[in-house]
Amino acid sequence: MIITSGLKKYYGDTAVVDDVTVELPACGITSIIGPNGAGKSTMLSMVSRLLGMDAGSVTVDGLDVSKTPSDVLARRLSILRQDNHMTARLTVQDLVAFGRYPHSKGRLTIEDKEHIDRSIAYLNLDEFRNRFLDELSGGQRQRAFVAMVLCQDTDYVLLDEPLNNLDMKHAMGMMKLMRRACRELGKTVVLVLHDINFASWYSDYIIAMKNGKVVRHGDKNAIINPEALKEIYEMDINVHEIGGHRVSLFYD
Amino acid sequence: MRLLIVGIVLTIILAIISLFIGVSDVSLATLLSSSPQDRPMQVLVMSRIPRTLAILLAGSSLAIAGLVMQIIVRNRFVEPSTAGTTESATLGFLVVTLLAPGWPLMAKMLVSAVFALGGTALFLRILRFVPLREVLLVPLVGIMLGGVIGAITSFFAYRFNLLPSLLAWNMGDFSSVLRGRYELLWFGLAGTIMAYIAADRFTVAGMGQDFTTNLGLNYKRVMTLGLIIVSIVSAVVLVSVGSIPFLGLIVPNVVSLMVGDNMRRTVPWVAVLGATFVLLCDIVGRLIRFPYEIPISVVVGVVGSALFLYLLLRKRHNA
Amino acid sequence: MRNLRWSRPTIVLAVLVALALVSIVCFMTLGARGSWSFIIPFRGRKLIGLILVAYSVAISTVLFQTVTNNRILTPSIMGFDALYILLQTSIVFFLGPQMLALINPYAQFGIEVALMIAFSWLLFQWLFLREGRSLHLLVLVGIVFGIFFRSLSNFMQRFLDPNAFQVLQDSFFASFSSIDPTLLGVASLLVGLVSLLLWRMGHSFDVLSLGRETAINLGVDYKRTVVIILASVAVLVSVSTALVGPITFFGLLVASLAHGLIGNSKHRYILPAAVLLGIIALVGGQTLFERLFAFDTALSIIVEFLGGFVFIILILRGAAR
């Protein structure tokens, strides 16, 4: 379980994340939704120690992220940000192998190699494994990074807008994959999502943020309803039920 | 307008102060008590007045050259020393010194100006590969181009044992200005006046080729005129006193912060401020270690690069 | 299993080793007249100096580029060697030649290196550890900082007496033919210590080149690692600048060539390749110019010319993307 308490981040005088105290349940998919500038990505960055916090604390299974050594955390929790620019020229296989770094510090064991093969297969990247990242399309590169994060084999996987750059087919594939990882491997996945229908269809738990604060959180059906969505997005959103799933329509 | 007059008066006061700084005793009292053939008067006429005039001319025309360049390249951070112009002028001067050492200074200056024109044209040609929005890339490419041209110059200077003279040319210094050795700088004044007359055209050309053509102006001709002004000014200053880095960058930027970007209004400001800035730096260089002098390019190098850093690191640079 | 033995990087490294050895042998033997007992120590000292410089510049440049995650910036383009000269000048300026005569040259070098580490860390922190700064801004600011440091040292040097002025004035120009032999011992020692330190953390270099966030995600203690690498870079820059003077583009040249030849970004290939290229360029180039063409300071001019060229191409290619 990830617990944040009194989490704050300021840029200048404005609080981007303002006193957030929330629990993210273990196991299953938790989505963080909310309008632009709500502080979703900033919060995810603080939870994953990429960004220092101005006040408050975060614990992951009882480990305080600002005090626990980075390499210990790297075996518990992994994070993938939205744009991953890098100058290094690497093949897909090289990149995925870096996922084993927290475990073996660069000397790959046979067990590590099995993990690498499995992750590459899991994301259908076998045919690209020896291609360089700069030769891949945006979506393929995105999948390679996700494969690296899976290869890291952590209980918690945090993804910041993982559906960016992906077309509908691959976006759906990605979400199904996350659901499979939760069910088969018992992982906890936390996502920042913009598309509330993806959030509604695939997640178990939803946290809604606005102006740096958590305005609602709970089981997905507690959030995906016209009244709650109106409060979050300040617009009228119709919610229909199709095949047991709630679908929001917001086209005028 | 009233501010501008204050600026001009200030410059005149500084210029008069500048006349009376130096090792030989030149003061109002000694001037009045001696005849025109005596030493104080001679020093004043032969050395002090030419020096002060040279400073005023070089300062104002280099600042104007920077302004013209910034408008035609449409980038805040270019000036002759960040566009390969100064270095090309130096290369030209070296080449003509090697091949035709007997030519008069005027002819050497013209060769140097032609090289400056060529170097700047090359710079503009390279800029075609740079997207316009990459504001900072433009001076970067210019400084590097200057470095490459400078390396070629050093190589030839080294081969022909002219490295010490090359260093001397590059070191802007007013201490050797005497009557008969600065007059080329009046071309700088001509350039300044031309820039003032053609100010509106430059402003229009600065908005782009399509925009200029739409208003019925010949874009190429305006650009060429601008380049010629910049090249002649750079060559003239280089040949007469040496290079003075960053002057053309700082002064127009400060003026732009003060009075905006309408060139009709900025040209007089840039000219006056350029002259004042160089006068001040020269006076500092002469007084700080009296009776020794610190060359102007050293003083301007410190102040100029510090101000350039300030301009770059200002919180919002709307360049 | 992949056949690692004859992969491209291995072949490239083998060729580079061979070329470096040829350069070293030529440097030691070509045009040698007189007794070997004189030539070997005489040229040997120069050779060690050149190799130290090549090694320091190559390692510091590659690691600096890894830490800052770009292929254009190098310590010398960021004005680090100008900073070293400024510190050197300031010590002479503030202590005065009388005081200076009392300190031995090792202590003076030690003070300079320590100051260098402190100041380069400040500069780095001020420039890099803020968000939202574009690479172009950093490069430009770095270059202008270099000019600023150089102007300021020039300014201070004008206040010194002509003798001290002359000594320092020479330090503005790189010269590969006149390496100061007094510092060879302490320089080797420093380079050895830094190498040992870096060797022990070598496994984290590849991870760092993935970028700050990915490196943290993979459990690298980012701040600590970066501090150590930067301190090492400062030491290596001090060593090379103290030995031959400032060389702006040499690092860029060897690092870009190494990346181009090796074809991937693994440090276990890139670092040795850059060092070997540095040795080939300096030792081979110096042999060529000194023995065959008989002009000696030209090498640094040619390096600056080629380096400036590579820089323009790199930056235009980066912008075109």
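Descriptive notes on the structure:
Each chain gets a letter, A, B and C, in the order it is written, and its residues are counted from 1.
In this section, a residue touches a chain if its C-beta (ideal position, glycine included) is under 8 Å from a C-beta of that chain, and two chains touch if they have at least 3 such contacts.
Fair warning: this is a prediction, and the values are worked out from it, not measured in the lab.
Relative to the centroid of all protein Cα atoms, the closest per-chain Cα centroid is that of C. When chain centres are set by their Cα atoms, the one at the greatest distance from subunit C is A. With centres defined as mean CA coordinates, subunit C is found 41 Å away from subunit A. Computed centre separation for the pair subunit B/subunit C is 34 angstrom, with centres defined by C-alpha atoms.
In this assembly, the C-alpha centroid of subunit A lies 56 Å from the C-alpha centroid of subunit B.
Note for the complex: subunit C touches subunit A at residues 65, 69-71, 203, 206-207, 209-214, 216-222, 259, 263-266. On subunit A, the positions that touch subunit C within their shared complex are 48-50, 69-75, 78-81, 84-91, 94-95, 98-99, 101-102, 105-107, 132, 149, 152. Residue ranges on subunit B touching subunit C, taken from their complex, read 77, 126, 129-131, 134-137, 139-141, 143-145, 147-148, 151-152, 154-155, 158-159, 245, 289, 292, 294, 298-299, 301-302, 304-306, 308-309, 312-313. By the touch criterion stated above, subunit C contacts subunit B in their complex at residues 134, 136-137, 139-141, 143-145, 147-148, 150-152, 154-155, 158-159, 248, 295, 297-298, 301-302, 304-305, 308-309, 311-312, 315-316, 319-320.
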